[in-house]
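Input: structures, listed below.
Presented sequentially are two complexes of chain A, the first with chain B as partner and the second with chain C.
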Partner chain A sequence: MNFIPLFVIVPLGAAFLMPVVSRLWKGMSDVLGNLAALFLMVWSFAALQMGHETTVFYAGGWEPVASIPIGIAMVMDGLTVFMLIIINVIGFAVTLYSVNYMNHYTDKAKYYTLFLLMMAGLNGVVLAGDLFNLFVFLEISAIASYSLVAFGIGSEELEASFKYQILGGTASTLILMGIAFFYHMTGTLNLADASTVIQQLGTHPGIIFVSILFLVGFSLKAALIPFHAWLPDAHPSAPAPISAMLSGVVIKVLGVYALIRIFFNVFGITAMPSVLTIFIVLGSVSMVAGAFLAISQSDFKRMLAYSSISQIGYVLFALGLGTPLGILGAMFHLINHAAFKSLLFLNSGAVVYRTNTRDLDQLGGISQKMPVTGITSLLGSLSISGLPPFGGFWSKLIIIMAAVESGHFALAGVAVFTSIVTLAYYMKLQKEAFYGALKASFGKLKEAPFLMSLSVILLAIVVTGMGLLLIPEFKSVILDPAVKIISGGLNYSKLVLGG
Partner chain B sequence: MNPLLYPIVIPFIAGLLLYVIPRRVKGIHEAAALLVSAGTFGLTVWLFLQKPMEWTTQNSLILRLDDLSAFILLAAGLFGFLIALYSVIYMKDRNQRSMYYGSLLLTLGATCGALMSNHLILLLIFWGFLGITLYLLIQSGGDGAAPAAKKSLIIVGGSDALLLLGIVFIYSLTGTFEMDKILLSFNNGLVTWVFVLLALSAFAKAGSLPLHTWIPDMAMHTPIPATALMPAALDKLLGIYLLGRMVLNLFQMTGAMNLFLMIVGAVTIITAVMMALVQHDLRKLLAYHAVSQVGYMVLGIGTGTVIGIAGGLFHMLNNTLYKTCLFLTGGSVKYRTGSTDLDELGGLARFMPMTFLSFIFAALAISGIPPLNGFVSKWMVYQGLVELGREGDKLWVVWLLAAMFGSGLTLASFMKLTHTVFLGDSAKRAGRKIKEVGFIMWLPTVILAVLCVLFGVFAIQVPLKHFIIPAMGSDIEYIGSWSPGLATVMILIGIGIGFLIYLAGNLKGIREADSFIGGEELDSETRVTGTGFYNTIREMGMFSRIYRWAEDKWFDVYDLGNHLFSGIGGVLSKAHTGVLNLYVFWFVFGLIVLLIVLMGGSL
Partner chain C sequence: MILFILAILLFLIGLYGVLVKRNLIKMIIGLMIMEYAVNLIFTLVGYRSGGTAPIVTDSISSVLYVDPLPQALVLTAIVIGLGTTALAVSFAVRIFEKYDTFDVRKIRKLRG
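Our next item is the complex of A and B:
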């Protein structure tokens, strides 16, 4: 039994078992959900141990014939492992957190079912070796996300979910349309196989058209400006653990990962340099506008949501530089952002859990009563603002170095400027929510329940130590394989097909 | 482990441990902070005697202790210890002791690290980390400190981002991060940017215009020893250290760059001292002086002459001595009276003699009264300017006038301070029994005051010879003949004769009476305070408007930026109406633009 499919089978199986076992004993849903998530996290570390060779799993034993794949393939390479770690570590922190947090809501079993479906979809997307399965898994996690955003079924949640569905659906349609054209042109859906075909086709207008469809579709999933408009409603409205998942993981997997895989590994970025320019433009616009939008928010979670747009902008900007250093910066910032943004959303959940408000004007001084939440959120804020010695500092440093190295002096200045604005709004967040005078109505406030605190403490440790990923021993295991796959570009097909 | 690492690592470990020890445990924090800071001070003395030292690992020179960093390191160690000592009593009843002492030690360790770093990235890490410890120290001031903490970290941390950009530019120009290998000449537009970026981050740390505005705000809410530690002492040392390093080692200076520094310096001196004149709060007044004095250092360094730069560096050292002393005596006043509002203080000299004596020496030093240390370094800065004039600079008179005028105003504002706090009538608050602060609190202030005197009288023999001149790498030619020792003797004789005349004139005895108006004795509410006289300045036609603007924060980069960014953000937010049709329109718009851009060629 190959271990790769377990990443999808386990959460999928657990999701369907969930309604059954929760009938037997109410607490069982928590146990099952956490066991599944724990297994996935351990499994993702096991995948890291397996080495960095590209491994392919052919479903049902349909091996390729004459190097032409005929069945469904799951591919695990350095980039996939990197994404699997992000998905499943954050996933575990979030399930742990949900045990207490979701007591606020009525049906925990349904929540875990949807959550595990989302996990199955996310793991499936990064493992999919062909476009169609990528799309199917993408839709699984997207549809699970739509329902999770609406989980509170208040008017605000439903409206947000509706917008999310419409815009997400539009994007999915474009992607599906792109896949259809793609299949028409190449005659295959296997990514590696298609890549060789496209190289033979050269720059065909059809390919460019397909690339635009993918670009727009996945940019919406990644919430890049101007395709971002669903995010500021959807992310805050979801239950906090889901917000953490959406901002920390989903936009990266469905958006950034898919863009990287398709444009770097399948189309080949060297063949279409203008896409890099588009990455830079979309990235910088999102970076700057997202930061300005965040600074004028007075809603805790909405500020974090806009901040996600801005930070994803950094990632895309760095990717668009196209140099190995830029790609390293992008990947490093991706994993950093996953850690600190999930942490901050979980903090916001703790605040909402105890105070029932996320309006910054009504909060104040709660660090005195909730020290764990206060200190962990300060660590997250300092890291995302790029202050040393936290992880965010290092990824911003690398991104700015990469920008200067490739001659984008002015854009490096823009990135620095944005990081000052970022610092400004996170300091605003800290001041308004956690410091200053304690509001009289919060006199009896208590720290968040144990598992919620434990979850944020774990994430805070990750956030604080993230700079260690640059130490050669860790870098060569986690970051370098991913960077190698991306900057290797079209080598992907050779690695997969073994040609 | 290389000995250079000790003063970094030991305070760091101790500081992190102190965060973890709960505040209920009494005494541990104080004892640990005192012990570690004393040990660090000892280490810095030892390292000063051992210099120069280096620590190389993996073929790059990471830490380096040279003549410039060594004496500043020594000063940092001294201030860390004295302030920890002072804090033992001052902070004893506060809630945030564990945060305060932990941050204090981390600050000390990071300062030592920043001073010794030869690798620019390492410098950047310590530099940025100091912003965080500053934030935590300010937060230890309690609830009211939150806005000031936010503002300080935005300005200081933001300037850290500028430093980052400057360093990355340096790397792209030279291909190295090691400072000893870097010498940039202004033959490339980028170098000018590098200089400005680095200078701005030095200005923000040291508190020079235009990035000084965090200091007066934080001074109001932070525990006073923390103000004495960061903006008055360590941050000043670091900012000017960086500026000195730039001018002496990293850049081949040109006239234009020197002019830039001199403009910043002169404007800082004048505007900050004008603000200081009209303050009604002890802490705020001192904070504006902390800004104003930076002007002299920047001006001196900006002259580009050997004596000017030496004067600037010497002024940095002197300023940290008297300014820390002033803040600490201010802290003692606050500790005993519970107030720093000038209208509520008065007549403390007779109750707090040790505090008063330390204060008066430090106040005279900052005002540039010979033979104290402030005079010597200012005199050197003036000489630097004169030297500049001899080299053919046309504007030297302007800078000289600004510096001397600023010095006069400094004296004026300290006369106000001395009078309203220590002399004159006892204010209402002071009416109750006030005692001198304990030995542990006045000892640091007295040590600093004595150093102010010694550094003035024996300026040439001790501080200049052992600290400044080695750092300059070349000898100084003094233009004017100023012999501090002789002058001191003359001044003392003068004072002695004056005292005799005073005694002679008063032999018949004079009658002392309380202040009165129209025969009526003044009650405490209508008493005459020193602050009243200085309101005249505020009400002068031209100044009144400028002061109003300044109080409305029209000159504050932070507030301007805040308005601007929130404005832009507000406009962008308004565009997000929540109407789905609009959002779909954006989406389609994006799609069409991409189609045109990418397909335009092939259609």
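Our next item is the complex of A and C:
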């Protein structure tokens, strides 16, 4: 029994069992949801054992004929394992948190069903070895997240989700059109096989057209600055655990991961350096504009949402540098951002859970009454603002060093400047929400329930320890295989097809 | 070639609907037109002029077949499109219940 498909089968199976078991006993949906998420987390660490080599699973035993794949392939390599760990660790923290938090809402079983479908889609996207399955899994997670954003069925949630659906739907059609022309050009959908075909094609005008379609489509999914309109509405409107999942994981998997896989591993970034320039431009614009939009927000979650745009900008900027150091910085910042942004969104959820408001003007001094939430959010804020010794400092340092190393001095300065702006708005957030005088109406405020605090503490430990990932023992297991796959570029097809 | 151009024209009509129309239902229709145009393009990609249906029989072995893969994929894409459209329409209905209008200019509780 090959263990790769279980990443998709387990959440899908649990999602379909959920409505049945929740009929038998109400509390069963919590148990089943958490068991499935715990299993996925353990399984993703088990996958780490094989992270160094590329493993391919052919669904239904349709092995390749004369090294041309004919069936559906699931590919697991260093980058996939890296993404699986991010998805499933955050996923587990979020399900643990949902046990208490989702009592706010009416139907927990439906929530877990949609959540597990989203997990299945996300795991499927990173495991997909061909472009069409990538699209199908992307749509599964996108449709699940559209409904999860509107889970509260308030007028604001519906409005945000509709906006998200229209822009997400447009992105999906653009991606599907890209896939159609991609198939027309290469005659295959398998990423590894297509990569070899494209290398033989050389410079083909179709490649540019397909690249533009994919760039626009996936940038919409990643919410980079000209395409960001849906994110600041959708992420704050969702229930807090879903905001954590959307900002921490979904935009990275559906946007950044797909861009990396297609442009670095299939098209080959050396053949098209203009894509790297586009990455740098999109990345630095998102980085700066996101930070400036965040600083003027007075809504807790909306500020975090704009901050996500800014931090994803850092990741894409570092990828655009194209050097191994830049790619290392991008991957390190990706995993850092997943940890601290989901931590901060869960904190915002705890604040909303107890105070029923996320308006910074109405909050104040709640750290005295909610010490766990206060301290963990302080840790998260310090890390995202890039203060040593947290992970956020090291990843930004690597990105800035990589920018200097490749001669982008001005942009390195911009990155430093953005980091200072980030510090400014997180200090504003801390001061207005958690410190200062306690508002009179919050006299009887209590700490968040046990499981919510537990999940937040777990994430805070991860955030605090993230700097350790740079120690060679950990780096060689988690970061290096992912960096090797990305900077290896077109070697991907050899690794997958063998020979 | 002319068919491709017409399909892309259809896609652009859909994009126009999504970008310009102010009515939620018309935006959804625009999205559907885009999806159909892409499905058409995908089917055209697999079309071989004068090809037959790709069914393997004993008597015929080497005739020109239409590429079956895009057709299978388009079927999947149609089902996905059904899901997204149903979801979007149900949301439009819920929005109408809350705001009493389909006009996006009046559905503005969130700040941009």
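List of remarks:
Convention: the second predicted complex is superposed on the first by the 498 of 499 C-alpha atoms of A that agree within 3 Å, B and C clash if a C-alpha of one lies under 4 Å from a C-alpha of the other, contacts with A are read in each partner's own complex, and residues count from 1 in each chain.
One rule holds in what follows: a residue touches a chain if its C-beta (ideal position, glycine included) is under 8 Å from a C-beta of that chain, and two chains touch if they have at least 3 such contacts.
Note that this is a predicted model, so its numbers are computed, not measured.
Once chain A of one complex is fitted onto chain A of the other, the partner contacts of A:T170 extend to both chain B and chain C.
By the touch criterion stated above, A:L220 is placed in contact with chain B alone, chain C being left untouched. Using the contact criterion defined above for the overlaid structures, shared-chain residue A:A180 touches chain C, although it does not reach chain B. Shared-chain residue A:S441: touches no atom of chain B or chain C. For chain A, the partner with contacts to more residues, out of chain B and chain C, is B. Of the two partner chains placed by the overlay, neither chain B nor chain C lies in contact with A:S67.
In the overlay built on the shared chain, the residue A:Q430 is in contact with chain B alone; chain C does not reach it. Contacts of A:D233 after superposition on the shared chain: both chain B and chain C are touched.
By the touch criterion stated above, A:G386 is placed in contact with chain B alone, chain C being left untouched.
In the superposition on chain A, the residues of chain A contacting both chain B and chain C are 159, 162, 166, 170, 229, 233. Only residues 132, 136, 139, 143, 146-147, 150, 153-156, 158-162, 165-166, 169-170, 172-173, 176-177, 179-181, 183-184, 189, 229, 233, 237 of chain A touch chain C when the two sit together in their complex.
Remark: chain A residues 159, 162-163, 166-167, 170-171, 174, 205, 208-209, 211-212, 215-216, 219-220, 226-227, 229-230, 232-233, 274-275, 278, 289, 292-297, 365, 382, 385-389, 393, 396-397, 400-401, 404-405, 409, 412-413, 416-417, 419-421, 423-424, 427-428, 430-431, 435-438 touch chain B in the complex. Residues of chain B that touch chain A in their complex: 121, 124-129, 131-132, 139, 143-147, 149-150, 153-154, 157-158, 160-162, 164-165, 168-169, 171-172, 190, 561-562, 565-566, 568-570, 572-573, 576, 578, 580, 582-584, 586-587, 589-591, 594-595, 597-599, 602.
Against chain A, the residues of chain C that register as touching in their complex are 11, 14-15, 18, 24, 27, 31, 34-35, 38, 41-42, 45, 69-70, 73, 76-77, 80, 83-84, 87-88, 91-92, 94-95, 98-99, 107-110, 112.
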